[in-house]
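Note that the chains are named A, B and C in the order they appear, and that numbering of residues resets to 1 at the start of each chain.
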Amino acid sequence: MITAWQSILNLPEHTPHAVVMILVLIISYLFVVLPCSLIMAFMERKLSADLQARVGPNRSGPAGFFQPVSDALKLMQKVDSPSSNRAEAIWLGIAGMALYSTVAVLPLGSLILLVDTDMSVFLPFWGVIVLTFATLMMGLTQDTVSGWLGGLRTSLRGMAGVFPALIAVLCAGLPAGGFSWSHIAAAQSAAPYHWTAFNNPFGAISLIVFLMSGMIVLGVAPLDGAISFSELRGGTAAHLSGPKLGMFRLSRFYGMFLWCVMAVVLFLGGWSIPEGLTEALRDSNSFGVIVLIELFVLLIKTFAVMLLIVMFSQVTPRMRVDQVTDLNWKVLSPFSLISLVGFAFWTAWLHG
Amino acid sequence: MTSSVLSTLAEYFRDVFRGARSLFGSFMTALPYLLNVNSGDLRKEVTEQYPDPVSSKTADDLPPRTRGLLFNDIDRCSACRECEWVCPVHCIEVETQSVPADAKVWVSKFDIDFAKCIFCGLCVEVCQPASLIHTKQFEGSVYDVRDLKKSFGRGPIGEDQRRKWARAQALDEGREDPKRGEWPS
Amino acid sequence: MSLREYLATDFTNWSLGPYHPALPGPMMLRLQLDGEIIVSGETEAGFLHRGLEKALERHSWQSSLTYADRLDPESAIFGELAVCLAAEEIAGIDVPRRAQNIRVILSELTRISSHLGFLARMAKAVGSTPMFHYVLRDRERVLDLFELLTGARFSINFLRLGGVSADVTEGFIERVIDVCELIRIRLKEYNDLFSFNHAFLKRSSWIGVLSSERARALGVTGPNARAAGLSLDVRKSAPYSGYELIDFEIPVGRGEGGTIGDAHDRFVLRLREITQSLEILKQSVDSIPAGQFQSVKISREFTIAPGEAYSRVESPRGTLGCHLVSDGGTRPARVQFKTPSTGHMLTIPELVIGTRVEDISVILLSLDISLAEFDR
């Protein structure tokens, strides 16, 4: 993969790998993650406005397109709250590191995977668990009830949600025979009936379990008891303002983006484009075009999944935090285990 | 024992089913808003965009009885002070100055403090000559709160006015020749 | 020390207020929490005290009604109605049938508007923003009606001693019928979207259960008492202003979501009350009697003979009582309101015990308390 990146970026042959990796990380963040988060922020506001019979942002740019930019500019110029808790700053740093370390394993295409080992699918889970733990500690260091309760609730739902999600990942890895992104992508192809989600009935269950447990882990409404704007006013983030609030919101969008990209690659065929097209492009040595087309396909599917999640989250009332964990342990986990068993039998029957 | 296990299982699946069903039900109810399927005005956006484009209501669209900012036509005002008396927040101040016997009443001061006015409409209701009315104007923001005290009065009587009255009286009493004028100073 | 003693935790004190999105208005709610479970709660109010009752003593019969109008901003007419009925009783003024009919129309429209505001607040409490916006959009149509008839949306200042201040305008009745039809259609949409949504049921059923014994003991009236099972309605037990001629039923809580008297029951009951108000409106606008809209026009020297009266009206929150004393002067001698929110505030310390932090909002907003009414 490093060579592919080197050829795309037109770097000289002897560039140390570390430099290439750092460049790739920066490029993926700036050109893929950041624009997608901004676009997603805009689309969420317009979508929710449309559902609520409102107009939504319409002044900043054509049809309000630059609203996230003006939001960011506004937040940048605000002063942060003066009470700086050193412990909190440390945990905030750890949370940021955990979350953004996952940019390294973001599956953005078959040729541009930076880390393609069997563990690359599990790194985001590690990142999310550390994020949850850091939020818990941040909440405990704050002196307010909303921080304290918010931190506790975050830890509850964060730790809970990863269990069904991991089982669902196991389901996706079974037909592929491995967990590296290229294995999983190879097991699916461009046609929808080859996608893991539609291959067999248990795939659909696993996809739904994966998405819902993702909403639980990341705290997306209506399963966001930890933030719960109606009485906690934001939980651990209640006192944030200014650039920190901007980073917090951006990190929430990034979390959702990351989870949806994973869902698309694991269950919905990822970046697969029809075989004939890939062959033709590979023969003509135009790697850049392959990368762009695959990225485009991937992002279309990711946005579709994200918008669907936003729509469902808008119309459903929020659930209480203990009801969220009930949903997780009593509904999602059994269903994910059943689908794992079903998947195992199916795979054995198909290949055995 | 078996029946209670079965019934618990049945209740569990019924719960899950109900949850999924109401999730989809709410979604399907809200979806037409997204797609504007029923393009009658039931599902359209209802935002009144103010002050920009024409979709916003202007003062003319308001109903005739709207209790907007007050206006007093000082030529019709008879300075009966009914409005000053009835106002629940005492925001109207009326002052008159004495005039010759047959001249019209001179309302020198008629101030309404819109910072205090609650737009209840009682003053308009009791105004006999119907000089005090509600306009439909609702945009009354100012930068200084003292600018909210609007004056409708004529101000103190000036020399010009006294001279006019004196000439009118002289004409009545026949002391002056109507054809002789006065050089305006 | 045993392990249990070693790991025991203290209670946390948390005071919400006076401004907090979970509260219905400016009030303090001091809670003791055991983790997420509430152990005890206390309320404190008075942040919205405006001295209304004293202000009423300082203004003539003509202007004091404006203050009564502002007792509760969402149900303005009921404050005026209570004072008018009491004053008309002392003075022996007869209200023409036409004026009574107009009063009933406005009362029921206000009840619909207030209940729609309640639905919006419940939706906001559980986080369903589409429902919130849909309800407020429909409430705007009702407020447009108020503006058409009275000139203002909330503080209508329309009632006078002896009737109303102006007649119905051209086209008002047709607009009322249109709005009733619209609300009837929308109620179905609200039920599809929200009222029996599984997540909403889980948030509000079996929460904040007010039993009928406690309701009676604490003086809870109105929809909260009816949801608890008591069949109390002043419009039936002591009809005023022409309600005795209208045929309607009072809905009582049936506990379909969970149990009788829980938060969901109070929600569904107000939905039913909106339907009942639509019924009453239909009967009222079908046949408005001809006649005057005001029987006496009072001047600034108007006096009422010494005496006192107590009037009761059914406001959207409960029984609103007004004790009016006149000493023969041009101003009321004493006005005292007995507002329904008083009883509701008394239930709060009981209802929050044993619930979780996230239920506070649902319980408080399901009681439909108006701090403006409570503090006067």
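The rule is short, and it goes like this: a contact is a pair of C-beta atoms (placed from the backbone, for glycine too) under 8 Å apart; a residue touches a chain by one contact, two chains touch by 3 or more.
Computed from a predicted structure; not experimentally measured.
A.B. asks: Thinking of each chain as a vertex joined to the chains it touches, would you call that graph a line, ring, star, complete, or other?
C.D. replies: Here the contact pattern is complete, since every chain touches every other one.
A.B. asks: Report the most central chain, judged by the distance from each chain's C-alpha mean to the global C-alpha mean.
C.D. replies: So the chain sitting closest to the middle is C.
A.B. asks: If we define chain centres by averaging CA atoms, which chain lands farthest from chain A? Would you check?
C.D. replies: B
A.B. asks: So what's the Cα centroid distance for chain B and chain C, whole Å?
C.D. replies: Taking the average C-alpha coordinate of chain B and of chain C, the gap between them is 27 Å.
A.B. asks: How many angstrom lie between the CA centroids of chain A and chain B, rounded to a whole number?
C.D. replies: 53
A.B. asks: Using mean C-alpha positions as chain centres, tell me how far chain A is from chain C in Å, no decimals.
C.D. replies: About 46 Å separates the centre of chain A from that of chain C.
A.B. asks: Give the residues of chain B touching no fewer than two other chains, as numbers and ranges.
C.D. replies: 23, 26, 29-30, 33, 46
A.B. asks: Pull out every residue in chain C that's touching 2 or more other chains.
C.D. replies: Answer for chain C, listing residues that touch two or more other chains: 130, 137, 193-194, 197, 199.
A.B. asks: Check each residue of chain A and list the ones that touch at least two other chains.
C.D. replies: Correct list: 51-54, 314-316.
A.B. asks: Provide the residue numbers of chain B that touch chain A in the complex, in ascending order.
C.D. replies: The touching residues are 12, 16, 23, 26-27, 29-30, 33-34, 43-47, 49.
A.B. asks: What residues of chain A sit close enough to touch chain B in their complex?
C.D. replies: So the residues of chain A touching chain B come out as 47, 49-55, 58, 311-312, 314-316, 330-331.
A.B. asks: In their complex, what parts of chain C are in touch with chain A?
C.D. replies: The contact residues of chain C facing chain A are 12, 14, 16, 20-22, 33, 36, 123-130, 132-134, 137, 193-194, 197, 199-200, 202-203, 356-361.
A.B. asks: Enumerate the contact residues on chain A facing chain C in the complex.
C.D. replies: Residues of chain A touching chain C: 48, 51-54, 145, 148-149, 221-222, 225, 228-233, 314-323.
A.B. asks: Touching chain C in the complex: which residues of chain B?
C.D. replies: 18-19, 21-23, 25-26, 29-30, 33, 42, 46, 62-67, 82, 85-88, 118-122, 125-126, 134
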